[in-house]
Amino acid sequence: MNTIKLVVIGGGSSYTPELVEGVINNYNTLPVRELIFVDVPMGEEKVRINTQFIKRMIHKAQLNIEVSYTFDRKNALKDADFVMTQLRVGGLKARSKDEHIPLKYNVIGQETTGPGGFAKALRTIPVMMDICKDMEEVCPDAWLINFTNPSGIVTEALNKYTKIKNIGLCNVPIGMHYDIAERLEVDPKEISCNVIGLNHLSFVNKVYYKGDNVISKALEVKKKDGIVQNISKIDVSDFIAQKLGLVLSPYLQYFFFEKEMLEKELQELKDDKGTRADQVQEVEHKLFELYEDESLDHKPEELSKRGGARYSEAAINLINSIYNNVGDIQVVNVMNNGSIADLPDDASVEVNCVINKQGATPVTNGHLPLAVKGLVQHVKAYEQLTVEAAITGDYDTALLALISNPLVHDAEAAKNILDDLLEAHKEYLPQFNK
Amino acid sequence: MNTIKLVVIGGGSSYTPELVEGVINNYNTLPVRELIFVDVPMGEEKVRINTQFIKRMIHKAQLNIEVSYTFDRKNALKDADFVMTQLRVGGLKARSKDEHIPLKYNVIGQETTGPGGFAKALRTIPVMMDICKDMEEVCPDAWLINFTNPSGIVTEALNKYTKIKNIGLCNVPIGMHYDIAERLEVDPKEISCNVIGLNHLSFVNKVYYKGDNVISKALEVKKKDGIVQNISKIDVSDFIAQKLGLVLSPYLQYFFFEKEMLEKELQELKDDKGTRADQVQEVEHKLFELYEDESLDHKPEELSKRGGARYSEAAINLINSIYNNVGDIQVVNVMNNGSIADLPDDASVEVNCVINKQGATPVTNGHLPLAVKGLVQHVKAYEQLTVEAAITGDYDTALLALISNPLVHDAEAAKNILDDLLEAHKEYLPQFNK
Amino acid sequence: MNTIKLVVIGGGSSYTPELVEGVINNYNTLPVRELIFVDVPMGEEKVRINTQFIKRMIHKAQLNIEVSYTFDRKNALKDADFVMTQLRVGGLKARSKDEHIPLKYNVIGQETTGPGGFAKALRTIPVMMDICKDMEEVCPDAWLINFTNPSGIVTEALNKYTKIKNIGLCNVPIGMHYDIAERLEVDPKEISCNVIGLNHLSFVNKVYYKGDNVISKALEVKKKDGIVQNISKIDVSDFIAQKLGLVLSPYLQYFFFEKEMLEKELQELKDDKGTRADQVQEVEHKLFELYEDESLDHKPEELSKRGGARYSEAAINLINSIYNNVGDIQVVNVMNNGSIADLPDDASVEVNCVINKQGATPVTNGHLPLAVKGLVQHVKAYEQLTVEAAITGDYDTALLALISNPLVHDAEAAKNILDDLLEAHKEYLPQFNK
Amino acid sequence: MNTIKLVVIGGGSSYTPELVEGVINNYNTLPVRELIFVDVPMGEEKVRINTQFIKRMIHKAQLNIEVSYTFDRKNALKDADFVMTQLRVGGLKARSKDEHIPLKYNVIGQETTGPGGFAKALRTIPVMMDICKDMEEVCPDAWLINFTNPSGIVTEALNKYTKIKNIGLCNVPIGMHYDIAERLEVDPKEISCNVIGLNHLSFVNKVYYKGDNVISKALEVKKKDGIVQNISKIDVSDFIAQKLGLVLSPYLQYFFFEKEMLEKELQELKDDKGTRADQVQEVEHKLFELYEDESLDHKPEELSKRGGARYSEAAINLINSIYNNVGDIQVVNVMNNGSIADLPDDASVEVNCVINKQGATPVTNGHLPLAVKGLVQHVKAYEQLTVEAAITGDYDTALLALISNPLVHDAEAAKNILDDLLEAHKEYLPQFNK
């Protein structure tokens, strides 16, 4: 590939302009010649607005990139070099259900962990399988870069059930990196971090600055702000992180402070603030109003509230290292293959990998710290059952998956939540309605 | 050893007469010549009453067994063949605290699982280490059969930190065996069961009757009564067991129905019924009144309410197979050594073992069913940290252990519970007060 | 099964009367009602002589067992309870080639190890697969007890490529048991041995007598005679065994004393004594002359020279423990499943197993002694490649298998030997001639 | 460290000028301020000649590097940043014995594999331990870069028995890289290779050129010349490599073509050519004559005959990536830690590693190809026993190590060779003479 054809599935996402900003800024090393946004008819308005806005951005940058949108996925994929998936099956409405239903039973309602992430996996994986089938036909050598949550579970499904080369991506690791640099008051480029764990269940266990491991210094610093927009930081989490000797993904608050997080969610419901999905719908609405403004030709400030900070940076870094065979270290989701001794070889993990033209090769990490090993293994077993349930559409497997989720810890609630989710998302779960 | 010297540490337990009944009934194959009950001065009344009652039992059986009690443990241990430990450091009062303190923070309060079992481990393990030091000096070849809970954690500590030959025992597996026989309406001797998991976190995954695996038949039968006295059965647990394809240890209710179990405990507190420890104190009181009655020379009916059903049968079976080199299969707690592929070699497990003069050799089981693998691994990581905390008396390790317990899922509660437990049990936790 | 239908495939073997002697002597616990000998037309004379002789044996014992022979395997297998395979594809002539061809290239020529065993595996596995296909149709619940060498490789192929319940058997472990009893001058029933390793590459690492591990005593005794007829003992092997702390299978002489064993084989060729196959042909000839004698109605002394000592005992013990659900320990070939930590789960191993109606469950052994671990792993890799080569008929896989055999250590010789073997056994290797 | 103090132990080696050439050429990125050559009095002449010659080289390059030699190792090590060990305990005379003694018993006599490498390990490891003890006192943060053979065994000993940060290095991997580039007729910088295995038992399993794995193209090309000077290539080895799908370390000829290699060695003895050590002594003699020439101020052509091609390049690359925190991939010897699934975590392996200020982190490789897995595991078991023998000086462990070496395959020869080696090297094996 001398120049790049990049296809973005779920092009109607409000994040898309951020991604394109990255494409524009890195045009020298990543010569994109064609950019196609694929979406579903239901989302036409958004993808149309995005496309027009992005054309203005590219025009301003005086670059020669062909931009378009389409509903014809297979045609769009033809001869693609990179395919990015950032789709949301059922849209924010479905997400809202994912968040509300578990709360009915006093269980965490969250888009990526707990029963919410489980439901999202059930809806997403069949669509990802369809995309891969298309790719096998029309662009079998293309790289699939997946952002769709739950990114770790999707990565595992892709690696077990397709042959398409793929890497799962999340903006949390890069967010942790910046957070640690802030704590240490150094340039982010001067530190290197080692990440271990699973997607949205990850830990930094080593931070190197000028050759020394300075993680204990980083852990001494208490920080007010969290790493992601959508999870407000619990003060005592810094204390726990220090005891663990690990910098924590913000999503770990759901596991280490489940009661407090649950209460907060229930309170927000009571206060009529709605769940995160409800709030995001509003933010999105405003963003698209901005994007529609024909005078706008650069990423607006307001996008930063959306929560996907550094999403573009992570994606461009990854594509760049593949395309240019760089061989640097990035944190992505791949099959374990021995990287973490306590997990199966065929489990997806989020770890430091060498990135080059051949893809992502994890480095070795040995055993997890005992204090988080059990939790990670527990969640991984849940994830593996979820992959099986999403592929087979088997009710019992789905039930066992939810029972295995450490945020549920109530087999009866698991059954009730599952039944509600299957009913609520019926139209997006063909595999359960055979 | 031509005849057997048996030393029972914690001889003042109300269970002791049940054990001795087994000794009497099996005298032909297990020729016990001497029986010494060791206890602490605080428990003198109970051990004295037990000893006198037991002398009457043996007199009635016309056997030539020397019976005595003592506080001089080391002297009692001299040249012992079998040492049984059924001690309770701090007595039922300490147990009551183990049950009450977690409930203060809305966390399961239970003697063997959750923070209660954790506290019991911290108190018990140092005493067990002392016993082993004595044994290394005066009876280095004796077998230590441990009943003291949490039996699995104690087994792991013993195997990691002493050289005394030991096996951990629990009456749940034999209880599950009888329960399954009842479901199938067959003689318990006609079935064989395969047990996998950890102590108080165990599963039957195969039931053989006339050569066929009939576990699905056993799972179809709904039973009202639970397996142990102290855990009343939740109806839907049979449904969940069927979905899992596994017969469940009753203690799994704490994990699979945590909310319901917690509510029940909190309700009992409100209703002024006290915790299980409080109730047991009453039962015990009545039992010792009976034992004191000089006309009583056989195990009274009332003992069955105490909860240790088949405890004697399990103990006698085990000692018999060691002493007589039988080579049959029994379910005991031993180091894993590859029996369960998903756990470390040096983790204690509760599995089918070949029992003979050389001890207990686990059979191979391969991988755990995915639906329980994560939970078992999670609890095991907690157990391993608990062993380390109990041995070292390190505060941070203790905190991380509690955070790792899947029944806690709140790091702040973990800290509060730990601080309360360390304060409440101060006198029994010398390792934390160095 | 109330009474037993036993089918012996390869019924024309000179060992068959020994097996039947065991059947007769154990009729009380193993009520065989029908005994069918299956063979190929080429071997009619032998199987006919056997059948007539065996009828006389049974008549003498006054038992009611129906005896017959047939070439119609599938019909014979109908409703069988146990199927024993002791076939020799290509007969002793093929074995002779297995022994001669490697010697041409100065490589050990032996029936079960080295290139000879490799060739036997290539010929045998396809026939075993055919037998299993028949069994799946007409006796899917029967037990297949395989004696055919190389028994470990055949066991692995059966477990990987069929669903028929099967156990691999060899008379070496029982021979080692008797040998150790002789050394200790005790009744074989009084000791128990623990065996680890692979078929024809096995070690006793523990010997218990009255509860104590007495292996070092057993190793101190030097013995003149070996365990199997066909391998004369090398004096210094007792010294090496002592250094290893392990009692050695006689077949280990090929690995630990390769040069001496090879020289001996080459010398015998020079001296015109022929290989073992050539010698056995003579012994067999004489045996069948005896069997034909209508006055003979009991196993003749001469059979003991044939080399299969205690073959009948091992077989009857195994069938008895399955049929009567005994649950004792026997040494058989099964899938590893964690028994030996250094080998894959799906590798066949020869270890202590619990034998009952459900089959053979290996006990756990942890790691192999470092001093033999490498050799065992090396041979296992060769075995796994051999299974693949035998199933697929792929030339390159076969070549890599031979190169991986530690007795070959010459890739060029490997190629030459392979080419000669494929040519010599052409008619028995349809999978290589597709 | 702003500038570098580099200590070379074994500075009298004829390779040293090559290393210094690398230091000179890379002065811009590797600012060496001090260079000390340590040797033993026995080797004074060589180290003196080297030092004087090297001073002339540095003078010519107009660099400000302080150069000296000394016998006072501990003083030299003070505040060192990098310590390179390239020592040869007992000199070439000892090597000559390592090569001759095994040949007496028809076993491969070679400096690094087989009994020769074993003897070298026994002599070298105690000295390496002494060096590390010194380093712990006077430069505990320095990096130890070891070149001394057997480099993999030494690496394992260092990692098991010292805390000094260390990496083992060999010039074979870089040699294979250049060899593959030649086959493909491309610039070595354009390809990347993945290496798996052990030191002197390594394989390239993937070769990437412009993003594609082109190893099969590389394997199609037949090459006349081998990779290292001292092992002349066997023609058919390219055929075998192709069948394996792996590029082979030249040292694998000892394992895949043992007979031919042994015959060649025996023939050279007969022809009075001596062993490699004998030949090298001559080459060395000539080299030092050149070095002594006061007009020589650059590396002479003749050095290339010595066999250590690209030794300097490998060393400088490694030190540079550590010093400058580069994070590129290099092939070095480190502890496995999960990199190769078929080997223990605490086994040294030779694999692709990320090199930066923190040292070398291996990438994950999963399982070895089955066709070489057994051999690698076999050699690794030998290596682990050798480390134990070298540390403990235990005769039996040493004997078992030699018996475990797949190039020996004769336990009696093993004993004879061991006895001869222990006698011949008595003065260098204090651990065996306690």
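In order of appearance the chains are A, B, C and D, and numbering begins at 1 in each one.
Assume a residue touches a chain if its C-beta (ideal position, glycine included) is under 8 Å from a C-beta of that chain, and two chains touch if they have at least 3 such contacts.
Predicted model only: the values in this text are computed from it and were never measured.
Contact with subunit A and subunit B alike is made by no chain in this entry.
Compared with subunit D, the chain whose C-alpha mean position is the greatest distance off is B.
Subunit A and subunit C have Cα centroids lying 56 Å from one another.
Centroids built from CA atoms put subunit D at 45 Å from subunit A. Shared contact sites, meaning residues of subunit B that touch two or more other chains, are absent. Because contacts link each chain to exactly two others and close back on themselves, their graph is best described as a ring. In the complex of the two chains, the subunit B residues touching subunit A come out as 106, 236-237, 240, 243-244, 255-260, 342, 370-375, 377-382, 384-385, 388, 396, 399-400, 403-404, 406-407, 409-413.
Listed in rising order, the residues of subunit A touching subunit D in the complex are 192, 206, 208, 210-211, 213, 325, 327-329, 336-341, 345, 354, 356-358, 361-366.
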